[in-house]
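Paired with subunit B in one complex and with subunit C in the other, subunit A is shared by the two complexes that follow.
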Partner chain A sequence: MANVKGSSVCRTATDEGKPADWVPGGEKQTVVDPMKMFHELPREKLFITGSEAARESMRRANIDIAIAYPITPQSESMQQAGYLYDEGYIKEYYRAEEEIGTFSAISGASRAGVRSLTATSGPGLMRGMEAISSWPGARTPIIMLNMCRVINTPLAIQPDNIEMSFMLNTGILLLHAENQQDFYDYPLAAIMASEQVDVTLPAVVSVDGFFCTHARGPVEVTPEEYKLPPRDGWRSAVPAMDNENPPARISRDAPIQKSNFISYHMHSSWQQEVFAAVERSAKYFDKYLGGLIEVVNPDAEDFIIASGCAVSQAREAVRQEGEQGRTVGLVKVKSIRPFPTEQILDAVKGAKRILVPEFNQAGWLHKELCAVLYGRCNAVIKDGPRVFGGMTMPTEMVLEWLAEFRKEVK
Partner chain B sequence: MSEVKRYNIRMAGIGGQGVVTASHIVSNGVVISGGFSSLVPFFGSEKRNAPVESYVRISNSTIYEIGEIIFPNVLMIFHPSVITLGKSYTMPFYTGLKQKGIILINSKKPIPFTRDEQRELEEKEARIYYLPATEMANDLAKTDLATNMGMCGAISGIFGLPDPESLAASVKDRFVGKGIVVSGGTAALDSAIEKKFAKKQKLLEANQKVLDASIQYAIDQGWSEAEKPAKATA
Partner chain C sequence: MLIQDNLFLTRSNPSGNGGVQFLYRVKDYGLSALSGPQEEISMIHWEVEVIKFKDPKTAEFEISHTTELADKTLKFYSDKSLNEFIQKAFQYFEELDSLEKMLPNESQQS
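Moving on to the complex of A and B:
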């Protein structure tokens, strides 16, 4: 990317008011194979907040440009991104005017072929949704961190992950982080998957705001001297666009914008290709995350299927049930798009009861599960418990629901 | 495997007392000592004198749960007005307290509970401990800002977790910070930090006095539950 002086080097020490011998932090890092970073490098255990975990993830992600507009609870992470910019781990960073501007600009950055990061929460996501839903069709690998927050009136800043349901049918890759550790690991995996030639799609890593972003927990991080390989703009399903020499095209392919028989076919095949690319990303997530799901107690009759923070509550419920001599299984769904249909079916083939606790009112995960398990699984699927509007789901609540479920379904 | 021990602490106080800071210090202290802990503050607008809550989980094994603690077995009340004026997000203040739970209250004298409160606390068999934390802070650190140190110290005295050494290390982490190393800064910045550091060193000493006194206070009162009662000083 060029700076105002037309130089191909983004930042010089003098530009930044640094000592003449200043070297950007990113330039001191060594590129490492992603599989080595995810599975082999030694890890140091830190006790940090989710926002700090996001910072450590960004530090190792070789990000060319970050653009964001502050909104609680995302703002703490993007404030941390400011430190990374100052230290030279992120090459360009600015606060856009608002979310439509943010998500339009980040799309332009990605089209130019550089690794682009943004982040938002609840209402900010909703505001930018028009731009966001244009990303997959434009085949723009972008990483977006999404710190979930209540979106409906009355206004609230509290955690609630209903906003994730708005992204399910966009063609975006969507991971759901359970805790601070996942919020460190998943963005790195999502970046690498999204930039594969046969994927070339934006990826979102959602996390339940506050419960993870503002709370401290253990996070194991790889040494900071290693970073992901850079994005190769040319390794892409579509060519990177030259945004600097006019005329810069707004659309990928102008004929699609016409209304005629050919354009309808082009558009439908374009959409089919986007959703096929979502499915193709599964093999990369499988490799990077060690599976799209995690299964605890695979032989159980009672199962909990959950994503995000609900997994943590379920884990504790599983532990306490175990203390009482009852085996309860757990399926953690790491990836919502692609949805791990076959893996879940296989995991719950012996299940009699499936409980789906969620941190939203609509129960989008329950609906997803019913859609894929209908007619293919003998278990009774119960939707709940659900908390929303910022509520916490105490483990006691999950235990009560399990006890009730056992009475209902003998 | 040894029995899983779990303390779920809900801290309540008023804005400016350092309740959230206290939760970071206790939680970090437990991690330093080799135990498991997680903490989550209550998320709202932060302003002086407004109700504040923060939640800390302490255990000798991995903690999975997240979020606010609805059913605590320990309550820390940093200011009497949490109870007497209802300055609390949780009303009444003991809502959700588990049977035989501990309530540590910063107050020199017992709080006059209402008849209903008294009855419910008795039904819960709550153990109520009064700690004159603000008086200790004023006497020893010459500022009521160290009230939270008194509350942290008492927790160490009661549970032995975090132990006094780890608690002291945690306080140091918080106020001096691991990030004190100057990175690419100018000489002017260095000297500014050095000045600040000298002040912080004093702050640490004052805080430590309150910590030591409150740990000892908890032990003297016979509140200690630790298998090996903590020594009073780090």
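Moving on to the complex of A and C:
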């Protein structure tokens, strides 16, 4: 086989130990319009783990390069990525030395203009945070899968999404998947939104580890012969570096590197532009995901607002309340950044009580909601139930909190 | 994928441990099939209970270990083997329902 056409790297059948007529899987796929992939193509229902759902998403994402360092519960997904590399759906893939190296290298790949994927969990995210927080300012569209787990001592590897709170103010686009289906759909949407010329930002898709990654659930997937369009590195807010014509500067404007008034001013306006770009991404997520939020029972007085796995537990609580003749509303927050302030305000305009269950100690979603709803909504907003450190959130717990809340706020 | 016939409800594991629960219903009896997270994909399995519903409309049920079908929690390691069991269970539940309807009539006659 000749060098892979259109690829940034040259993989030959000989290099890969494949038969001479081997064709990489990605080369056999057909590029399809993203809106057609998200909303029109027929879907087959599989019953697979979250890690396998991530693999099927990556298979269709036209990934040029993946770089990662293993950490539970992310490891299994990136093992699956290894299979995709072997099959030729990911053009280049390697295990970096650790997370700072991983996230620095993936930034370099994105600056070079190729579609770049990485993944991590809890402590790995913390270790690489210095590099991660530089991605938005560098305007690097990177897709990172984030399988949340406990980050602090004592050591635990169970679900806890406190790590998401560390990314809220970085300028990263941040989606929170509820289940295996979301962990298939959201990365594809995040890639396309992050690479739009008026966005050009990294995107993270978080999921609550183990509960989703290591459990099976129903996932409807599009035919594997279709893939997303490739990244166009020149169609960006900051053009890709031309590595074939050095020198290429990482920071393009010398004054920004100096400690003087001009540099502070430039840095300030640069940050404003990054966060404005986050807001501009909302229109893309809106059309790719069919809205930044999902609303159940919009006319209810009692609402639950949740993201991630807490949505599933809340969904069942809403169903059981319905069996008892009580209507409880649910707002599923799909996108944390951009935060769907106006959509949530509109959804809960008639609410009297809002409960915010979370899988973390800090209650970051509750704080976000209070910040945007304060003075604009008449409902009482209650933080809880909150479980963390790997604790579970049985449906009964949500139901008990709802009953107690009704007694507290008449 | 599991059989979709007589599927009464699909929901996240109500215990909060992650995974999914399928509830099948044939008249008053049914099956709960629960698949939770495991460290390795190969370890993922189904835990199945025979259940008896408490109410004709809601999903409230109690676990039944008194039928001929199962006197304990059953484990299945493939969708295929569970689907075979589900098919047999559907037939059994139909017969059980008929028998249970006959019993009160017999007692009234005697």
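Everything below uses one rule, namely that the second predicted complex is superposed on the first by the 393 of 410 C-alpha atoms of A that agree within 3 Å, B and C clash if a C-alpha of one lies under 4 Å from a C-alpha of the other, contacts with A are read in each partner's own complex, and residues count from 1 in each chain.
To be clear about the criterion, a residue touches a chain if its C-beta (ideal position, glycine included) is under 8 Å from a C-beta of that chain, and two chains touch if they have at least 3 such contacts.
None of the values given here were measured: they were computed from a predicted structure.
Q: Would subunit B and subunit C fit next to each other on subunit A once aligned, or clash?
A: clash
Q: Using the superposition on chain A described above, determine whether A:T392 touches subunit B (first), subunit C (second), both, or neither.
A: both
Q: So, does A:W22 touch the first partner subunit B, the second partner subunit C, both, or neither?
A: After superposing on A, A:W22 lies in contact with subunit B but is clear of subunit C.
Q: Tell me the contact category for A:E76 with respect to subunit B and subunit C: first, second, both or neither.
A: A:E76 contacts subunit C only, not subunit B.
Q: Using the superposition on chain A described above, determine whether A:H214 touches subunit B (first), subunit C (second), both, or neither.
A: A:H214 contacts both subunit B and subunit C.
Q: If you stack the two complexes on chain A, which partner ends up touching A:E87: first (subunit B), second (subunit C), both, or neither?
A: first
Q: Given the touch rule stated above, what does A:T120 touch, subunit B (first), subunit C (second), both, or neither?
A: A:T120 sits against neither subunit B nor subunit C.
Q: For the superposed three-chain arrangement, which subunit B stretch in 91-99, 163-171 or 199-207 runs into subunit C?
A: Superposition on chain A puts subunit C right on top of 163-171.
Q: Residues on subunit A in contact with subunit B in one complex and with subunit C in the other?
A: 47, 179, 208, 210-212, 214-218, 309, 312-313, 315-316, 319, 323, 392-396.
Q: For subunit C, which residues count as touching subunit A in their complex?
A: My answer: residues 1-2, 10-20, 35-39, 41, 44, 57-60, 79.
Q: Within the complex, which stretch of subunit B touches subunit A?
A: Touching subunit A from subunit B are residues 4, 24, 27-28, 31, 36-41, 43, 63-71, 183-184.
Q: In their shared complex, at which residues does subunit A touch subunit B?
A: The contact residues of subunit A facing subunit B are 18-19, 22, 47, 73, 87, 157-158, 179, 208, 210-212, 214-218, 309, 312-313, 315-316, 319, 323, 390, 392-396.
Q: Over in the complex, which subunit A residues touch subunit C? Could you list them?
A: Spelled out, the residues of subunit A in touch with subunit C are 45-47, 49, 51-52, 76, 159, 179, 208, 210-218, 309, 312-313, 315-316, 319-320, 323, 387, 392-397.
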